[in-house]
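Below: one structure in structure tokens.
Chain lettering (A, B, C and D) follows the sequence in which the chains are written, and residue indices restart at 1 in each chain.
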Amino acid sequence: MDQIILQILNGLDKGSAYALIALGLTLIFGTLGVVNFAHGALFMLGAFCAITFSRILSLSKVVVDETQKDFLGNPLKVDVPYIYDWFGESAGQVLINWSVPLAILFAIPVMIIIGVVMERGLIKHFYKRPHADQILVTFGLAIVLQEIIKYYFGANQIPNPAPEAFIGSFDFGAAIGLKAGTIIYPYWRIVYFCFAMLLIGSVFAFLQFTTFGMVVRAGMADRETVELLGINIDKRFTIMFGVAAAVAGLAGVMYTPINPPNYHMGMDFLVISFVVVVVGGMGSLPGAVAAGLLLGILESFASMRQVIEALPGINQVVIYLAAIVILLTRPRGLMGRKGVMEE
Amino acid sequence: MTKTKLTRRSVMQTGAVAGAGLAVPTILTAGSHSGFANAPTGSSVTLGFNVPQSGPYADEGADELRAYKLAVEHLNGEGDGGMLQTFSSKALDGTGILGKKVEYVTGDTQTKPDAARASARSMIEKDGAIMITGGSSSGVAVAVQALCQEAGIIFMAGLTHSNDTTGKDKKANGFRHFFNSYMTGAALAPVLADRYGSDRKAYHLTADYNWGYTTEEAVRNSTEALGWETVAAVKTPLSQTDFSSYVAPVLNSGADVLVLNHYGGNMVNSLTSAVEFGLRAAQANGKNFEIVVPLYSRLMAKGAGKNVAGIFGTTGWHWSLENTAGSRYAGTNAFVKSFGEKYGFPPSQAAHTCYCQTLLYADAVQRGGSFNPCSVVEALEGFEFDGMGNGPTLYRAEDHQCIKDVLVVRGKENPANDFDLLELVDVTPAEAVTFDPAIFGGELGSCNPGA
Amino acid sequence: MMLGLNRKDASLLLIVAILVALAPIFLNPFPEQSGLAQFNAGYPDLMQRFVIFGIFAIGFNILFGLTGYLSFGHAAFLGAGSYAGVWMLKLLTINVIPAIIISTAVAGIFALIIGFISLRRSGIYFSILTLAFAQMSFALAASVLTPITGGETGLQTALDDPRILDGTNTTGNIPAPSIFGLQMGDSFQISVGGWLWTFNVGYYLSAIVMLSAFYLAIRIFRSPFGIMLRAIKSNQQRLNYTGLNTKPYMLACFVISGMYAGLAGGLMVSMDPLAGAERMQWTASGEVVLMTILGGVGTLIGPVLGAGLIKYFENIFSKINDNLLHKWFAFMPDGVEDFIVSIIYPFVGKGWHLTLGLIFMAVIIFLPGGLVELGQKVASIFKKKGSTPSNNPNTEPAE
Amino acid sequence: MGILEVQNVGKRFGGLQALQDVNLSVKENTIHAIIGPNGAGKSTLLNCLVGKLIPDTGTVQFDGNSVLGRSPYEINQMGISRVFQTPEIFGDLTVMENMMIPIFAKRDGSFALDAISDFMKHKDILEAAEKVLEEMNMSNKRSMQASSMSRGDKRRLEIGMCLSQEPRLLLLDEPTAGMARADTNNTIDLLKQIGDERDITIAIIEHDMHVVFSLANRITVLAQGTPLVEDVPDKIKGHPKVKEAYLGETAH
């Protein structure tokens, strides 16, 4: 029992990352009709926003410390962050410690700008082109983006820990009345899950309850009519691309303490998130979220020891197997609309 | 007018026809005269450095390449000579190899066997490389080693830790300086039993591919021999990025030690998850819960950040070795000095093994008096040397595996800087990790000179 | 007309045949000693790769170019063919002919199974289904199927393989793949002046297979079957209401295309007897899509050109290191040299992926028809001079 | 007994009863029109006839054989050809190729793996296609790409493609929708000519009264998923029930 609860927790957590990326993909697909293979790269860029932000915070001047030696026996050069000079050492340390959550504030504008530039500079020329062209040009862009990141940050993973307050884990079992110590779950992953739900909720609320959102939704359903009403839907769709980029970026920022990021993390997530989108149903936002969580949970269950022992290799293929079964039984995915992307 | 010749093997040599008249076709004869592939004919000799320049191990590959460039400098008599001063064999004199200036070509393995073979073949066929070296995974090493055997070229493996490289997939033309999974198990188990006691229950998470299998087997066998019990061993997909669903059940499994048979990004991510799930701080069976990472590298430790603190593993070499463990490991400081002065930071173990391999190859050619692979094989088989940072070392004839001390290290609690991440716990002497070369099967075959 | 082809196709085939036959010469345009020799591609391994990946891309184009169905899992068939090929080399004989035949057949069967299921859906759903199958094949081949596939280190020939048709091997070395005694690695070499030309057995074997595959592709393109496939791409609904059942057409096309991939896999292991699991990964499938689009989708020669360009980049650009760059620009003043090298260096050597990515983007943005379109544009510039504009609308697929 | 017999057909989409108790008999060699206001169920009925939809109740028989449960290609092979509301042709192919494909299908059946012969060198098929093109007055357009033609020409091509298979029943779905007056008249003339010259039955679903009354020799009026009346055109014109159904929407 406790094992099952534990794996559901795990799945929700992993699934919320899938859901966030798939949500952005679907937003772009639904509004602009573009299949964006660079979306994984946006997730990766978000993670590197967090790294960049923490490096900015730790920008340092070099002080030579004669009392210590480095590996060659020369006097040790010690880095002292400028931020200590500005805010004092203790406040500076707090800021550096909280760099991941603070990076959200940094990442939102950066990612929106990246998204808008991407849409205006490249994607907009591809609205009328075949989906295969869109896939390829964004795939090319993804390669370029990750190579640029690799050039500046290297190929190795870069650790970016969560604030100390969130290090450690929460005894979930004790909280729900089971034996203590049976279900413990890291604080930061709980934060990640809540954050993801909050973000998904705000995207839905934004689309549901604001005039802007209503226009965008109307445009998703019937672009021409909305344009006939004299509304500049293009501009709004550009902004939606920025929002989708920001969603992927924030998913990346908050993910850094879970997995230290490296330049190809976007590609690692790309295939899975496409599977998620398709399983959820192309163009369906709730479908993307539901499929993300569902596949996350499935993946977690498949990684249980008892399951692997019964079906060797199932953990390698479960997501794809699920995708195949769902697509064969529900032709348009879980919540897909008819006629989307079938030709 | 055109005369042609059918060569056995594709022999292609730059510089073979210098000075020939434009109108007169010339027969290429390099191969047939010397009797081996890619025999150098001019005043220089070309080595092929085949390292991952793209993909997840690109940083490790970059470090290997730095070491190779340094080795070439030293062989050509530039720089401070590095380990040439401490190396027990004095055959090399800084005038290249057999008087020929050392040049090199580079290729990108992409850490994929296919791509690695393509780039190795290009270096052999196009650039006339006489020796191929490098790589940072066993899949690549095994694949390229087989290719070199077929082409009649010497292969000096870079970082490869699987038993297979000099075990079931060993080849006469291939040599490995780095240690293997078996030696990791043999070195690690006694230290673990000593520190954590001999009644431990271990839970293995194993990367689902060849290296993972041999490492799990080695660590299991040697820990079980000392009284440990293996509660479970779960395979994890190589492409996995989030290990939470594998790590989470560990605490309730009855185990009190988690062994992560992972390398590279896999290890960084699984270790991060394990620490996140509180395993470092937990208690099980009345003992402190422990995590073990059989194969450490400094770059991985850097990727995992603070999470490596206090975690045991083995490593082939560490830049601080001579300072902490004494002059048995002479050569270390000489290498660190030339590397550090050139690049500004200390070398990784991958860089060390690649540097040594280049020098060992050059030395074997020099001692044997020929670039012929069979002469090199003869010179390296059973070769005993010292002064290359690992203490007295034997290149074993039976399986072309270097037998040397293995270091057991631990992640530092409070690293002073970015490089000072591992501290030496113990050195397991070569005798303790020596094994019977027959246990892994495979056949060495005979040396292949190519042409 | 020649071989049952119309004049235009026959001359295309002839040109390709001549180019392929003389490739060892014109792929080595720079003398061995010159600094530009780095850009020579006329060595056996790369020439073999050009034609083998050409076959792979031709086959992919029969599916994607004719029917518009975008398979994202085609590498699975290349991989299946490769494994089958190595097993033949291990069990049966080191002669490559059974390996090539069996790998084609095995890939065909594999394609039949995957195609039968995947073709129940169309559009992106079809793409994802093929992707899912290929990723599953890759994941399983790299892990639980290790006894059959050799896992991550790949499947190779070994000294103790049975090779029941070959008799016992006493050389102490693994025999190299050969065709009736002629080894794939054997070469004629001719050196003229500073130039060195290598005529390699394996390359010519692959080239002959490639030309046959190319010829067959032309026939398929022009056949009733081919027209029906193009009709599927154009309007599947109309075809259904015309009394044709599109499913067997699609399945047959998928299987043929898979067999081309298997043939390429069989040839790959014949040239170099190792089959690695990563050959099946989705990025490998993506690569053949890129090759096809880069060259020109739906055209006959485009996929071959695209395959050549990508393999050239992978093998030539990735080997340019800073050492070489400094050598090339050594004639410049030091400061300028360093500056130029530092500008170029990020794009070559370890940065070759970046250049490749930029080229993809440029081609897709400016030349949606790929290299063939570029060729047509250039040709039309020359044609305009002097000749009267012809008003014969060209609706056949361009070569 | 008509060539096409529809009996008691009903079809429901969720809460909407699209067809109910539809009985219809199309006599051989007639031009039979099915008319009705928007939402009367005309398209649903047509889709039931060609295999795109399967009715919930009732039977559809063509020449004594049931068409229910068969796929479109099988129904086509029984001798029913369909012309769509917007011309469905192979836009990427040439007019000639468009015309040849149905003839191949007629000859080879639903599938034939002929991957070796040259499509354009089948003399018999080429000639047959040429003949239909002439009949359609399109011989001069044979090497044009089909998608580059005018809508009227596309319609002619589609009708030609259907005729080339010599079907026994030609089904047309609003064949003049969206056409200019001149094109509409041309199409009417073409269909009249086909009806006169060929041994063929035509069933036409139409909204435009002008077309219906110039062509049909029998008309069924459909309203709210049910046939209202069936009779010759003259009787339909003044029929009170029809007027009621088309209230406010008199013939234009």
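Points to keep in mind about this one:
Note that contacts are C-beta pairs under 8 Å (C-beta built on N, C-alpha and C of every residue); 3 or more make two chains touch, one makes a residue touch a chain.
Please read these numbers as outputs of a predicted model, since none were measured by experiment.
Think of the whole protein's Cα atoms as having one middle point; the chain whose own Cα middle lies nearest to it is C. Ranked by distance of CA centroids from chain C, the top chain is D.
Distance between chain centres (mean CA atoms), chain A to chain B: 36 Å. Work out the mean CA point of chain A and of chain D, and you get 52 Å between them. Each chain gets a centre from the mean of its Cα atoms; for chain B and chain D, those two points are 74 Å apart. Contact of a single residue of chain C with at least two other chains is seen at positions 139, 143-144, 353. Chain D has no residue in contact with two or more other chains. For chain B, residues that reach two or more other chains under the stated contact definition are 54, 58, 208, 235, 237, 239.
Shown are all chain pairs that touch, namely A-B, A-C, B-C, C-D. Looking at the complex, you find that chain D touches chain C at residues 50, 71-73, 76-77, 81-82, 84, 88-94, 97, 100-102, 104-106, 108-120, 122, 143-145, 161, 165. Interface of chain A with chain C (complex): residues 35, 122, 125, 129, 131-133, 136-137, 139-144, 147-148, 151, 267, 271, 274-275, 278, 282, 312-313, 316-317, 320-321, 323-324, 327-328, 331-333, 341-343.
For chain C in complex with chain A, the touching residues are 70, 117, 120-125, 128-129, 131-133, 135-136, 139-140, 143-145, 282-283, 286, 289-290, 293, 297, 346, 351, 353-354, 356-358, 360-361, 364-365, 368.
Residue ranges of chain C in contact with chain B, taken from their complex: 32-33, 37, 40, 43-46, 49, 139, 142-144, 146, 151-154, 156, 158-160, 171-174, 176, 183, 185-194, 196, 198, 200, 272, 274, 276, 278-279, 314-315, 318-319, 321, 323, 349-350, 352-353. Put simply, chain A touches chain B in their complex at residues 2-3, 6-7, 9-11, 13-14, 17, 68, 70-72, 76, 150, 154-159, 161, 167-169, 181-182, 184-186, 188-189, 257-260, 262, 264-265, 268-269, 299-300, 303-305, 308, 312, 315-316.
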